[in-house]
Each structure stands twice: as C-alpha cells, then as structure tokens.
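Please see the structure below; I have some questions.
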Amino acid sequence: MTRNPHTFIGCDAEYAESGIVIFGAPFDSTTSYRPGARFGCSAIRNESFGIETFSPYQDRDLAYMRIFDGGDLDLPFGSPEAALDAIAAQADEILGDGKIPVMLGGEHLVTLGAVRSAVRRHPDLRIVHFDAHADLRDDYLGVKLSHACVIRRCHELVGDGRIFQFGIRSGDGAEFEWGSEHVKTCRFGFSRLADAVHEIGDAPVYVTVDLDVLDPSCFPGTGTPEAGGVSFVSLLWALKTALRLNVVAMDFTELSPVYDASGASTALACKILREALLLLGGRNT
Amino acid sequence: MTRNPHTFIGCDAEYAESGIVIFGAPFDSTTSYRPGARFGCSAIRNESFGIETFSPYQDRDLAYMRIFDGGDLDLPFGSPEAALDAIAAQADEILGDGKIPVMLGGEHLVTLGAVRSAVRRHPDLRIVHFDAHADLRDDYLGVKLSHACVIRRCHELVGDGRIFQFGIRSGDGAEFEWGSEHVKTCRFGFSRLADAVHEIGDAPVYVTVDLDVLDPSCFPGTGTPEAGGVSFVSLLWALKTALRLNVVAMDFTELSPVYDASGASTALACKILREALLLLGGRNT
Amino acid sequence: MTRNPHTFIGCDAEYAESGIVIFGAPFDSTTSYRPGARFGCSAIRNESFGIETFSPYQDRDLAYMRIFDGGDLDLPFGSPEAALDAIAAQADEILGDGKIPVMLGGEHLVTLGAVRSAVRRHPDLRIVHFDAHADLRDDYLGVKLSHACVIRRCHELVGDGRIFQFGIRSGDGAEFEWGSEHVKTCRFGFSRLADAVHEIGDAPVYVTVDLDVLDPSCFPGTGTPEAGGVSFVSLLWALKTALRLNVVAMDFTELSPVYDASGASTALACKILREALLLLGGRNT
Amino acid sequence: MTRNPHTFIGCDAEYAESGIVIFGAPFDSTTSYRPGARFGCSAIRNESFGIETFSPYQDRDLAYMRIFDGGDLDLPFGSPEAALDAIAAQADEILGDGKIPVMLGGEHLVTLGAVRSAVRRHPDLRIVHFDAHADLRDDYLGVKLSHACVIRRCHELVGDGRIFQFGIRSGDGAEFEWGSEHVKTCRFGFSRLADAVHEIGDAPVYVTVDLDVLDPSCFPGTGTPEAGGVSFVSLLWALKTALRLNVVAMDFTELSPVYDASGASTALACKILREALLLLGGRNT
Amino acid sequence: MTRNPHTFIGCDAEYAESGIVIFGAPFDSTTSYRPGARFGCSAIRNESFGIETFSPYQDRDLAYMRIFDGGDLDLPFGSPEAALDAIAAQADEILGDGKIPVMLGGEHLVTLGAVRSAVRRHPDLRIVHFDAHADLRDDYLGVKLSHACVIRRCHELVGDGRIFQFGIRSGDGAEFEWGSEHVKTCRFGFSRLADAVHEIGDAPVYVTVDLDVLDPSCFPGTGTPEAGGVSFVSLLWALKTALRLNVVAMDFTELSPVYDASGASTALACKILREALLLLGGRNT
Amino acid sequence: MTRNPHTFIGCDAEYAESGIVIFGAPFDSTTSYRPGARFGCSAIRNESFGIETFSPYQDRDLAYMRIFDGGDLDLPFGSPEAALDAIAAQADEILGDGKIPVMLGGEHLVTLGAVRSAVRRHPDLRIVHFDAHADLRDDYLGVKLSHACVIRRCHELVGDGRIFQFGIRSGDGAEFEWGSEHVKTCRFGFSRLADAVHEIGDAPVYVTVDLDVLDPSCFPGTGTPEAGGVSFVSLLWALKTALRLNVVAMDFTELSPVYDASGASTALACKILREALLLLGGRNT
C-alpha cells in the first residue's frame, strides 16, 4: 500500500521531469482587513478534484503535461521577513533548476519573496500585475513589509517603468499620484494590455495575479472585495495575452476561501490555475 | 379548518383541470462532488412565496393559469434504478393524462427517468439540454447510472443527432470527442439555439435545464459551480426561444440550496420556473 | 484619552461645518419576507474602514470634504408610525439647518419618514427611485405602512407624474397597472434616466436607492434578491447622472448584511455611498 | 393525483377527530435585537421529517395519536395589534371546539394573542413560563406591544401570583424588582417547578416555552442567545412535570433557524414538540 | 524536492512497520436526510494539523507511534454494493497483514464493508456500537443497503447477542422492539458498558463509532443531529473502557463538516481519533 | 446634534472619573491556525447592546458604575514588536493614572504587551491564566513572539512559580514537561483555583482569560476550538473566585466571531465581560 498523492489535479509528475513547479505560500500575517488568504493554496489543491483536467477553452489537457506540485511551505506567522526568505529560497531552487515556479498565496506580500529571487536571476525583470488594489503605499501604519506595499517594494527592485498594473480600482490618492510617475497603471480593466505586451517584448516577466482583480460577483472569497472588477472571461482572455510573454515565474494570491461558503471562488481559482498552467506549458507545442 | 396548501406560488389548481403538472424528484445519490440537490425542489416550493406571480418580462400572471403541484416523490437514496422507476411512473401518469410534466430535481440523473417515459410515448423525441457539463461519460468509476453519464444514457434512447446541448464548458477530453460525433454541442452559450429550433421544427421535445448552466455569480447554489456561465437574462431569452417548440416535458435540476446561504440562487430558480411555466402555459393563448 | 469616533470613513467633520449629514434608520419591522435590513446602517459604518476615502472613479477624496455622521436613531420595532415620526424629526432638523440628509436604512419604509419632512419644505418635490420592486401596493395584508407600499404613500404626498422609477422588475399586476397612470416607471434598468433628468430640471429632488436594484450577483445581501438587476458600474453611472439634479435629500436602503457572509454586499454599499457623497459634495466645486 | 400533505411529522389527522391542533404564528416585527423567528414555525414543519415519530423517552408514537396541523397564519408584519387579533381568533376557534391549541412562533409576543383567547374562556388561567428573559418591561422604547413586554401584558390579564417563570437569566433591574412583587420567578433553572405544579393544582394552565430558555450550546438558533441556560434533558424533564397540569393551551416560540446553519436548533425544537405532543396527548391513556 | 506528505497528524510511518492503518471511505449515497459525510475523512486529515500529537489525557504522543495513513478510497457514488466491495477489499488487505484497520467515514453504511471483512477472519466477532440511532431497520423505502439498516445487516453476519449498542436515542418503534430480542441496547448513554466489556471478555471486537452519538452541542457537524447525546468527556471515557478489549478493527463515521462552519466538530473528531489511536497503539506498552 | 457614542454597553463614563478602562487590541498576525481574533474586540462592543447592563447573577448593574471604553488601538499587522509596544504604552498610561486596564483581544500574544507594562509597575506580579492551551513553547517555527509562546515570554518577566494556569488541555509534550518545573498548571478545569488564590494572597495579579478555555459547545467562535473545556457557569464561578484577588490588570482574548455565525460566542463574551467588570468594580462596595 502506497501513500496517497495530494496534488493539484493532474499535476503528479516527478520534479525532475517537470518544467513547471507549483508551491504554496500560506501566509497572511500582514493582511490589514480580513485575514484568511493563508488557506487559499490548500483550498485550491483540495477542491481541484471538482474540476476536469481538460480545458474546453484551449482543447488541451493537464493530464498530458508534466507539472510537479511541491505542496505548501511551512511559514512562520507574524514574521514577514522570515517568510519572505523561505519563499525566495524555494523560488531560487526552482529557478536554479531551469523551471518555472507558480506560487499560490497567501496574501499578496508573498509575491515579494518570489520577485526577489526572480530579479536576482533576471535583473531586467518586468512585472505584469493584475489587481484591484495599487499596493503602492510606502508603508502601512509604519510597516514596510505589508500586502498594501508589495508592489512599491517590488519597484525598489526593478525600477521605473517596468511594472504594468491592470484592473486597479482602489488605493489612496498618494498611491495613484506616485504611481503615475513610476509604474504604468491601467485602471478598472485590461484596455492597455496589448500595448504592454508589445512594449515588454522578449524581456523576462513575472506575472502576479491578485485574484481580487475579479469582480466580487464571481469571486467573493477574498479579504477585501472591490466592486467593479473584471469577469472570469476577461481575466482568462488577459492571461491568454500575457502568458505569451517570456514568463519566468508566476503567482496567484488572495483567495480567502472562508469568505465564500459556496465554494465558487475556490472553483474559479482552480480553473484559472488550470488555464494558466496549460498556457504556460503549451507555449512550446 | 382545512389543511394548508403547500405548492409553488400560484400553482394551486386541481389536477384534472391542469395542463401542466409540477413534481419534485429529491434525489442526489450519484452526485460525485458535493451533494445537496435533493433539497432543490422543496426549497423552490418553500421560497416561492418570496416572488410575485406576475411577470414583468411577459406581462402575464401565474394566478390566471391552471397548474397542479403534486409535491415531491419519496425516492430511495442509494438505489438509482428504483428512483428512476418511480420517476418514470410519475411521468407516465402525467403524460398519459395528456399533461406536461415539469420535474424539479434533484441531481441531473433524474432526467433519465422522465426521458424514458417521454420517449416511450414520443419515439421521435428530441432533447434540448442546457448545462455547464457535457454529461456524456459512458461510466463514472464503473457506474453507468451517474449524473455525469445522464445525457449519454439519454442518447442510447433517442439516437444520434437528436440531442442539442448549450452552455457546455466542462467535461473530459473523451466526452467532447464522442459528443462531436453523436450530439450537437454548443459550447459556453446559446449562439446556435435559433438554428436548433429551426432544425427541430414540430418534433416533440424534452427540455432539460441543469441550472449550473448559469454563471456561479448569479447561481452559486449548486454542487459543481463552473465559472464562465450564462446570465439570468441570457437563460430567460433562451427559454423564450426554446419553449416555442413542441415541448412535451421539462425539468430543472441541480439547485443545491445549502451552498448559497443568501437564498439568491433559490430565488432565481423560482423566477426561472415562473417564467417557464408562463411560457409553456401561454403558448395557446 | 478621548472617546473613539465611530463614523463612516472620512466623515468626521463637526455638524456645524458640514453640508451633508449621514444618519442611520435601523428599522425593518414591516419586511414581509426576510428581515435583517435593520443591521444595514451599522454594517456600512463598521465595514467602511475596509475601503479607501479616495475614489479612482472621480479622482476625489472624502478626506477633503466636510460630512457629519450622526450615528443611528433609536427606533421602536413593531411601531412603524412612531419610527417614521422619529425619522421625520431628524430630517426636519437637518433640512432646517440647510444641510442635505443622507439616510441609511433599514427597510425601504423609512424613506416615507424622510420624504414627509422633505415635502413639507419642498412642496414641489420630485422623487427619483431606484429599486427592483415597484412598492406601489395600496396595502399589504391590510397594512398601509409597509415597505411594499412606500412609494404609493409617497405618491399621496407628491402627486401624479412626480415619481420616476428605475430598475423595476417585480410587482403584482395591479401595481404595474396603477403605476402606468400615476408614476413613470422604467423597467429593468436606467434607459430613460437622461430623459427624466431633463424633465425634472431645477426642481428639488429626493433620491431613494433601494439597493436591491442591483443584481444579486453583486449584491446578494438583501431580503428579497431579484435576479436580472443592474451592475455596480451601471448604478454608479446612474448616480452620476441623477446627482447632478437639485438633490435635497437622499437615502440608501435594504442592505441586509446577514445574507451575504462574504461581506461583498456591505463593501459595495460602502463604495456606492462614498461615490454618492463625493458627487453630492462636489457639485459646487 | 392528490395534493401532497405538509404537516409536522405524524400530525396528519383530520381536524374533527383531533384533540390537539398545531398552528404557526410567523411574526417577529417587535424583535428588538436580531429578527428571524418568523421562520421558526415553517422550519419545524419542514425539518420534522428528519426525526422519528417514536419517542424512546416515553415509548410512545405520534403515529398513533390524532393531531391536526393547520399550517401558518398570514400575519401582517409591522402591525402587532392586527397580528394578535388574528392569533386570538385562531385560538378562539380551536378552544371553542374543545381542542388544545399548540402554537408555534414567531417571536414571544405572539403568546399574548393566544393568552387573550385562553383567559376569556378560563378567567382563572395560570401561566407557566419557560424563558431566558423576564419579559416584564412595561414598555420598550415607548411601545407596549413588544416581545420584551409580553409577560407584563399577560399579567394585566391574569393578575398577581398567577404567572410562574423558570430559567430566567436576563432582564433589567426594574423588571426583576417589579417581578418580585407580582410574579413568581425562578432564576436560571427549574428548581421550584414541582412546588409550582403543586400550587397550581387543577387550575387551567397556559404553558409558554420561549426556546431561548435552552443554553445556546444546544440551541444557538435564536435571536438573543443567553449563556447559562438549561439543557435539552432538563427541559424535557420540566415538560414532563408541567404537562401533567390541566394545560388548555401551549406555545413554543423564538426559534430563529437562520442563526444555526447546522440545523441542530431546529431539530431540537422538533423533538421537544414531539415530546410535548406525546405528553399532552397521552394524559388520558 | 519531494512530494509533500498528506496524512493525519503524526501518522507518517511506512505501511510495513505500522500496526495500525487508517483509511477513508468517502461515501454517503444512502444518507436519507442531509448528505455530506463523504467529506468527513478528508476534513479530519486536513484539519488535524490544528491539534497536537500529544495527549494530556493519556500523557502519550502520536509522534512516537507507528501508524500508516493510506488516504481515501475512490468509491462510486450511487452504487452501495460496489462501494462496500471496495471497502471490504481494503480491510481484507490490512487484516491479512496482521494490522488493525481504522476506517474514517463517510456515512454509517461503510461499516458493513469492514465488518464483512472482519467477520470472515473472526467468525466469533462482537460489535460495540456507539450511535444516536439504532440503525436496525430491515429496509428503508425498500432498500436493504442503507445507513438506517447497517446494524441490522451486521446482525445477519454475527447473530443474536453479539451486538452491543450505546447512546441510542432515535429509531422507530419496530426497531426498538426487534432490537430488544436480538441485540443489547443501552439507551442514551454508556451505563451498561462495563458489563458489556466483562461479557465480551477476550472475543475479537469491531468498534464502530457513529459520531452523532455525541450531543449536537459539541458535535453539530452531522447529518442528523439528535439532542440529548453524550459529551466529549463521556465518549472519551467510553473509548478508554472499550478499547481495552481485543479490538481487531474500528471506525468513525458520520462527521459531515459542512454543517458546522465553526470547525469545532471536525476538531473534536480529530481529538477523538488521536485518543483512540493512542489507546489502540498503547495496549502493549 | 452630537456624535454618537460607541462603547461597550453601560461603559460611557468619562476617563477621569473611571476606575476601570477598557481598550481593544485588534491583532492576530501570529495566529498559526485560523485567524480572525482581530475582530473580537469590536464584535464585543457592537453586540453588547444585545445584553442587559443588569446581572441577575450578582444583582448589580453596569449602569451605576464608572467605566471608560477607549475604543480599539490602531495596530500594525505583521509587526508583533510594534504592536506590543503600542499595547504597553496604552497600559502604561492607564496604570499610571491609577486605573485598571481591561484589554480585549485580539490573539493571546497581546497579553505580553500589557504584562510588560504591569510588571514594570508591579515587579512581584502574579499571573492567573485561564486557557485551553499551555502557550509555553519557547518558539514556534523559530519565532519567539507567537501566541503559542506568550506565557513562556511572560515567565521570563515574572519568574518561576508565579504563573497559575487553569483549564489547560492542549500542548506538546515538551511544554507540559517544561511547565511542570516552572509554572503551576491545573489541567482541564479549576480544581486548584482556591488553593492558588490562597497562595497568591495580597500580591498584585494580572488575570488573562483566553476564552478558548470554554468548551466549544458554548464558545465555538475561536481559532482553535478544543473539546473538553469548561462551561460558562464554571468560568463565571472561577472569575468570582479569582477577581477577589488584588487584580491590577486583566484581559480577554481569542474571540474570533467569524467562526460562530450564530453570535452566541460573542454574546457569551459580552456577558463574561459584564460580570468581570461588575466583580472588579464592586470590590470596594
């Protein structure tokens, strides 16, 4: 009798043979409003058996791809710096082995750990950022390592003009003002995504998807639901566009399953992850 | 003092004078993911007093129609064949009396019982199928009578080219492949519905509505919510189109009220049922 | 050490210096289906700290406006007449001081209290009414003061042709028939709003927003969710249009937070209120 | 095909042959804290099929008794006086036919309607009152007809020394002071119940059970849960004791099913009702 | 990078070195009231990381024991006979290897599969049965393989006088009558458990724990909550007594986590399982 | 028009005249299992209007006491050290003014901030600790400032033999071993509380109540529910005993209202706080 596997559906390849590696970063200590994103990554894994491996959107099947699911990291709650170190170490290993890390949050701060790793390997990194929130604060109640500051911290690593934001519909006035000089922000939707893809060209790209970019009607399971977001179909289209880029790492954050007892938010996250994995993995075929 | 009535709102006519007969099929034993559809039919009846009998979409009123609500069948959980027999017997009685049965599920497998009855009386039966899932598996873990196989079983009764699917956005690769040869599948929406209506012409039709064809944003109360579905208004339009056909029987399945504590899913199901009854009943007026 | 303030976010000005005054009317005794709207006003206040004071839709910030939040009235449940008296007295004081009252319900009946006050001061008052329900019944089970009759009661105060309804998609046949002669009803959406704004011109206007005008997909947190409603973006656009009128008082009713455990409905209500306050307050700037 | 019955489990006798008559009073307009008791009576009826008709506590079976379930009254929300009139009329009819009314609330105010009827027929009526709350206020925010005043209103009908309260653990200081002179209050439990039974002797008795007398651990489904209550077994024992009296009418109030998603509160209410019916009906056997 | 383990806390030994083997039987197709027990076994595994491996009740630690967790079986919903075959096959393998199977349900019917296996190996098997329900029906709506009949089916395998029931407080009259001649039933609690242990002596024993034997106050997360049950501490004491017997197999069934959103029921199940494993594993030390 | 107060019920005295000062510490960043305790303090304040100011247990009334409620601190999530500094500063101010701080958590780590302040002023401080968990870990995943380590950190401040634990029923083996040498632990209940009170005598005491000491049956609203806890009545008795000591500061932590949708946990916390305030304030009367 052998131990039962416990992976995202269809992602049961061995590490050595896989070009894509999933791992979870169950951390939400800096969430300022409603916590719970720590349960996002395990919920996605647990509920993925409710969807199919085949995508009728792409006519491709996860069952025929080679993806490894490394499970969740053990992260110390209450210690953001230690958590980011552990995340960066995991990303370092995966990137060092020539594979693409796909991280599942957790809150959005976890992105900083993976970006630190990616920028060490790719100094000319671009960041494509889907989110309801600008996340450009310099600090939050005096704290620099907060989910509300994560893209500001990323900017310190990649510099002006290399971060492209989409779907943004919340932030304080100072964030939007600062952002207008240092990052490229597309409010409310994806209208300027094709331009950004053209501008980025062949440069290495980190794609970070804060799932609260989605409208709360289809994705209420998040800590800070913001009305006026994008639909599932729009996000799917945006991923089809963005994942044609030279993506070196990716993440999905801010699913907080406890806030959606229907399970529809988790199910949507599973489908978006399936589609993204199929897009990432199918680029060479 | 007389016993209190307990029917869907406005459906308190006597059986003999009614052209349409509602009954419930509270069964969900083969549901593979999240059960609860057994409570769909009673929830629709209980919550229907929260809506009006008048439709502002059609300017018609259920209060002026003659519809009988026969309550729910007593179905043995764990014994699909016995449940299907009981459903077919109920449909036989209604069809035999020259009335239109409108069955409320329950899981989608219950459709097979009513289709068996309808096809005995109408050997040239066509099936119009609204659903998120193809339901075309030959078996599910070795079991032939499963909600995931129900349309495949129906196909064995009606044959090639007589099943028209709409809204499909989930299934395994084999289902879509098999389906491309034996049924007519319209993915994601209703774009080919008008064509189907034209093709069907005057033939007798069974309309089966798996309510998870709706997007989980407006209908999270179902066992397997699939993002990317149709809106309430789209489904209403599709019913207006399909119910001009020679409909001999109809069903609505897969409302699982426990997954939507807001009650919005049940309320939507009540409204869709009201509109469908008004459309069915108003055809001769 | 001073006592902590408890106001809607950014609305901590002194009464004397404020042109807009918020107050809550936590009453839902006449709700016929599912109660809970009594908790709407306090939920909006409590959860408002989850949104920003800055609006990316208007590039304006509540932090730079002068708005007073007077908290919630103490209303006697089970005694609608006494509750309406208390509401009218509060509105009288605010209107008498030359300020705009913005009332947060509570069920929709509370509107009658504020309209009674507004019409005393502005006999030529018009009412712009956003709602899923016509609310034009003459009585409900013999009761005249019911949420289902509130606009009929308002009509008795302002007369024919002065009430403009939008988004209506539920009512009994008699309501729609009566309404066609006495009020101007736009079903399902806002298609005739621009015409109404033009017709109203400079007349004083009371704007009443029953939040169930929104589709339950984005606003399930209400007692009687009605499928087929408007989106957040549509409502926002409609408010931008309507609040250019000479608005003398306003209300938002029928948030019932207990029916949406995700909090998305309350969050949406907070944003709509923020946008409306910015629109109201920004008219002279 | 005949219409389906919809009664409390096992209570499907004809009215004429029944000695006990159940009816529901779905009213909660005066609830001052959290409404929802209006759904108590229908929840008990709907969920009763989850329990058995046989009682292992009494070795008796409801299936062998003759009880009529008359369904729920249509009560006008927002108009307590009209609601109480309708309740009293229903109780008058049942008492006039020589039967015992068993009313299911609804909030506790509904008791006043039935007590008005009972005291007309039995001027020497005693009231046995199980509750967490004293309900002895003279008014609540100026309103006399409030659930918080119901026993005070009953006292006006039956006079000093004829009301016996048990389980009381909440009230304001004035209530306890007034109560000490006019009613007999046993705090926290049933320690003086046997004495009261002895004192009452053969006098006609109205038994009113506010189910929040139970501890919230076993009965969280109520508007105002009060820690420190009695257990199911204690309440069962107390009913065994009290129902040996000459009970002429009875009620169970304040189940608010929405506050207990587990259904355990409703299931407990069903069992307590079954036990009470068996005790009432078995007195002559 | 190796695949992450996914076992009950502390149960990560290899199969070969383990004396106890856990496996899950996620099946609930015959549940007649509220389904959901299929999610019990995975919930116990997922949530077990919220408890400690050390027991302050026994001063023992799971971390020092050798237990294998084999994960959940893939069982076909809707086909009870096939599910029971799969369960029996799993139990056969474990018993054949000289180990003790500890099965996690699922509904109570799954017990029959494991008992079939145990009785083949131990023809003189006794069954110790903790439950709220007698489960002694001969059939349920004509179906023999139902959770409501499971102990009756077991009786057909082990014969008269070999089944000892405790905590029983629900059943129909016929069950209690039949039971009085064929099994030994202790109603409501464990008062006769010590006698039973003495009577059983050294015979091989199957212990089946339907967790709804617990009071719904501490265990609301089950399909059919029955008031008047035992406390956690009582059940723990009963297990300490019963597990001194020659236990050859054991199960825990009927946790239905969806009905207890607080998670307390699942957490309790985790602790009871920990204590049982420590008791089973510590017998030789 | 004046700004509305927002305090715990009956606690609206001015700061200067008050001997007891309530404040909230909404922090839960180090919670390792299920977060949400940050909402405990505001839930207690918001829901307190559902209880009375009068206690039938003590025949005293909060309305006649002088208590100030200072609202909640603004604490930076993700930065435990900064949060503890802010808490200690608040406690310093209150203790410096000769008043008793009563802090509402938040997770249990917040206790450390207030204990740091208390021990500066009272170097011979004793700690009376009610909890399900020992909280004696030296670190948790390498982090020293964690809720799982809070009493270990307190021990570093007060030394051996000065911490008295009650109700403890969870911890790892090392915690219990270490605890047996350095603190006085009473497992499961309060059996040794009277002894501890006698031993402590007149020394200054900090009383910390982790509300998960209560059984999850009456208090499911907490992050880590542990079966086998104490009842409300037991805790009330224990407080009556402990609050006769020379209490200089007190706290209540770990209410996580989101996990108990019934509101019973929050209501219980409100009552326990009322009783504690009456006991603290009534010591001199």
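List of remarks:
Just so it is clear, A, B, C, D, E and F label the chains in written order, and each chain counts residues from 1 on its own.
The rule is simple: a contact is a pair of C-beta atoms (placed from the backbone, for glycine too) under 8 Å apart; a residue touches a chain by one contact, two chains touch by 3 or more.
In this text, all values refer to a predicted model and were calculated from it rather than measured experimentally.
Looking at the partners of subunit D and subunit F together, the chains they share are C, E.
Put simply, the chain farthest from subunit C by mean CA position is E. Residue numbering shows that subunit C and subunit F use the same positions for more than half of their mutual interface. The chain with its Cα centroid farthest from the Cα centroid of subunit A is D.
The pair from D-F, B-D or C-D that reproduces the interface of A-F, where over half of the contact pairs by residue number are the same, turns out to be C-D. Between subunit C and subunit E, the centres computed from C-alpha atoms are 55 Å apart. Here the CA centre of subunit A is 41 Å from the CA centre of subunit E.
Annotation for subunit F: residues touching 2 or more other chains are 215, 217-218, 260-261.
Those chain pairs judged to touch are A-B, A-C, A-E, A-F, B-C, B-D, B-E, C-D, C-F, D-E, D-F, E-F.
Every residue of subunit F that touches subunit D in the complex is listed here, in rising order: 49-54, 56-57, 59, 61, 215, 217-218, 232-233, 236, 260-264, 267-268, 271-272. The part of subunit D that touches subunit B in the complex is made up of residues 1-7, 15, 21, 42, 46, 68-72, 93-94, 261.
Of all the residues in subunit A, the ones that touch subunit F in their complex are 28-32, 35-36, 38, 74-80, 82, 109, 140-143, 145-146, 258. Contact residues of subunit C toward subunit B in the complex are 33-34, 168-173, 176, 187-188, 215-218, 220-221, 224-228, 259-261.
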